[in-house]
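First chain written, first letter: the chains are A, B, C and D, and each begins at residue 1.
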């Protein structure tokens, strides 16, 4: 835990935060909206008081109600991991600016998030599916995905009632989807 | 009529061909018998006057027959030697120490389906392995295995060798082009570039040797190196021998110059689409080629069939078994029995637990071993071609082992390094070798 | 790298030649068995107690806990009354989802199998009675069931499984093996019907039974399929 | 060959290729068979004069798994490339979300099957952070000890593959002998040779035993000399060094922008090692160096890994000397229900930063399990390193980055 980092972050991004800065173990969590993410990440990367030059991870999260993009940074200025949660993306059309201008290596991580969650990263020049076949329709890591629906629709697969097992006919999605306040 | 037509229609293509050929063959056989009966004497006369024809046919047959066991042997060597260097055991199941595994491989490729993939150019695809194999086997014709034991003594033997060696690249190109596969195409083009580049240093490196020897006949070159091992050409042409060895490695597509079949880059090169006996031909050709190249290195630089030392005393084995008369017959009948009994006696006397028949078997085996050794020894001393073959094959397999050893040790070079090495280093070095040799000859022994 | 060109290569050749004579690492497997570590987990075996009885009580806890569901077991329950088995792979999905939900503290949305459409069990009971609950005559049972319902409902398959004692997986395998057996009503699964139309070669193997099930006479079926009499 | 099925007599067999072909072979189907989705894809799949595509994989001797790379080549020169992933995709993250916390660990093992312990560790560490578990010190030491052994095994295999992709047959077998000894040793500790499944939430599965210790001691006594002898075959070989030096060069700025980590980043001169940069476990108590090189080429990556092996041996030695006594598992309830929260844990593996981000919703299953694998990001940079080199070099570059497809396709 690094309270100095917390103070610095509050001072710099105070009005942009959509939630309190949380600190637990060796992690500091920052929560912003989709509109601010580009500027905030650039500031974290460029400004010497932060200097988070190492993008440790980029992940999409489906909370069941909204979409998130979660970045993890490492910088020499603090012993903590910095977690940046871009929160409150709509589930039907989640969009965030890409960070490929700062970290070209984020391209594939963004592609993966697009493939698994359908999150569109504006500015990624090569945003297409990476794991799933190109004609695949759905986004497997979303919470409303139960089994491989496309696979069951493909010719030769005789497992249609298996598919229904995982999306029960008389159960409304609201009762089945797992959701949390992440 | 319809039944016949239906039968004909059910035959496969091969069946149709054989069915057509069989009557013709029968008629030809009858004709041949008639010719032999009628003109047998005349033909015999012709053959005795033109003995070179008989010699040629026999040589071709012998070379073809020996190429397959040679390939088997070298394939086994490759498997076993590399395995031992890898700290593995290698083949050890079929035959003693797994030595029949390569034979089993040969039978396996024979039994596989003769398969050509969709889209290949069938004719060229089928011809390519034959061209490669024939080019390799034909080179064996001029190798002098022993005094008097060679296919053909051309006075341009070396030139013939290079010409035939250059022909195999045509086969590789044919295979690469006709396979309808990009890996094959790359492999074929690589082999063309590589073999053509390395032909030049290969040829130039022996020019100095030719100046010394004054002949291109391999037989004559072998004769020039008789006596002690100091008269081998490697001591007069060390640089030439080194260049020849390196260029020959590239010519035989062996590691570290095996770019044509670099399995980690272009899957199997020109042989990617081949299977069964067609692949077998490539495979055999590669290993026969290793033998040919080693044999040529031995012939040119390492004294061919000559022993490294001159036989210190004059040998005059004048055995005339006929002079013994009836004694010979008695000797043949009695000596084995007596020798067996004599050799069995110590075993029988040594331990009471050894049964009589066991001692006799041991004695017989010992006698056979001794007799075999005696016969081989006498043959080595008495027949110079046996001694020559012994030394020639021994030296050749040392070089075959070296090739295998290099394959077990070295990684592969890159294509641009390969070409750069040929043109920037080997070619100037071989030219230097040529000039130095010529100058030395001009200074030491001006005509 | 040294300044003498080729020295590294020569050194490497020397090393391989030395290794050529060194003892080898190969274990000649069938003759020589490698010594397996004491703690090795790859060996699956059931342990016996000192009286020679199996220690396993068939509590299925291991099968339930196995995350990749590789444990498939059967036995007699602790009271020695029933032969029980932990289902075949096809049933894992169903069982798995419910148990997972239950364990995670959420409500299970449906009782087991309730989301399959219900059927009138009388026809299938009659068929089972007719075939004497004989699992060896599974194909006839399934064909008769399909004739009765028009397709093979899951509930009917479950009922057949319970009544005949055959595993659901085996019945499912039998049913999915034959082309003329189907799991959906033909009108529900338009795609499967289209697919079947596009595969004329396979349909030539259909029997008269299928033609009868499809509702047409035998000759008519042959005519539409275009199969020529030989 | 313009045969049609209609013109032929007799029965058409399904095996006859001519039945399937109604036009002449020779025209390739356009790749891809669907319209391009991005500008980059459209640009890549447009051929200029003299260029052609060649598929490396998914079945190819040197793709280290089922990877397919579409190379655009001009003669032997690689112009551009497009890696195609997903042949080994199992959806491990989704599987973990449907398993409870104990079960999820066993899904992490097969991610990188040559260094399984490093895949378990971040997951276990993240779970421990969620549960606020204090791991006993002995367990931490055992973790460090076993994982450093696994690092040596992984790097040994890397050297073999590296040589094999350059055409050398022998080093791969020697390094497999080395790896086999370590793996047998770990099998006597963990119970399995490859997918160890050894780390548990709050500790490890079993204590050190006599068999493991005797094997380890026997191996440690000759490990250094044996590894030295093995690498002598490659390190001094002119052919090897000439092929590797100056190949696939990357500077430190680019490496950071490509999100690289581990030896590949250290080969460019950045001394970034999570064991020091973000200390975890007992690494602050251990002494070791972070080997770096500044060249950033394939040879540097190779040599950095060699140095790492020596450092690992040093760490193993210290672990054995400092091994404390005590329990190997923390006291934990059988059913784990962490309170809702998020945790991130990253460790330094043989290939770079392995990490896991876990979201808990208060049930016994992770709500979201994100697995971060370095191979994925390193494989991405082949697009930067390969173009301009030859096909043969493309393989060398890929081997030097050392991606494992099990981790790339999660």
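Just so it is clear, contacts are C-beta pairs under 8 Å (C-beta built on N, C-alpha and C of every residue); 3 or more make two chains touch, one makes a residue touch a chain.
On a predicted model such as this, the values are computed, not experimentally measured, just so you know.
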| item | value |
| --- | --- |
| Pair of chains with maximal C-beta contact number | A-D |
| Farthest chain relative to subunit B (centres taken as mean CA coordinates) | A |
| Between subunit A and subunit C, centroid-to-centroid distance (C-alpha), Å | 37 |
| Averaged-CA centre spacing for the pair subunit B and subunit A, given as whole angstrom | 67 |
| Subunit B and subunit D, separation of their C-alpha mean positions in angstrom | 46 |
| Inter-centroid spacing, subunit D versus subunit C (mean Cα positions, whole Å) | 33 |
| Multi-partner residues of subunit C (at least 2 other chains) | 9, 12, 15-16, 19, 25, 106 |
| Residue list for subunit B, restricted to those that touch at least two other chains | 85-88, 408-410 |
| Subunit A residues counted as touching two or more neighbouring chains | 178 |
| Subunit B - residues contacting subunit D, complex | 9, 82, 85-88, 118-119, 180, 182-183, 186, 255-256, 258-259, 262-267, 407-417 |
| Sites on subunit B touched by subunit C in the complex | 81, 84-89, 92, 405-406, 408-410 |
| Of all residues in subunit C, those that touch subunit B in their complex | 9, 12-13, 15-17, 19-20, 22, 24-26, 28 |
| Partner subunit D, residues of subunit A touching it in the complex | 24-27, 29, 53-57, 59, 61-62, 70, 72, 74, 76, 79, 81, 83, 102-109, 112, 116, 125-135, 140-141, 145, 178-182 |
| Residues of subunit D defined as touching subunit A within the complex | 32, 34, 37-41, 85-86, 89, 91, 93-94, 129, 256-261, 272, 277-278, 340-344, 346, 353, 355, 357, 359-362, 367-368, 370, 372, 376-377, 380-381, 384, 409-410 |
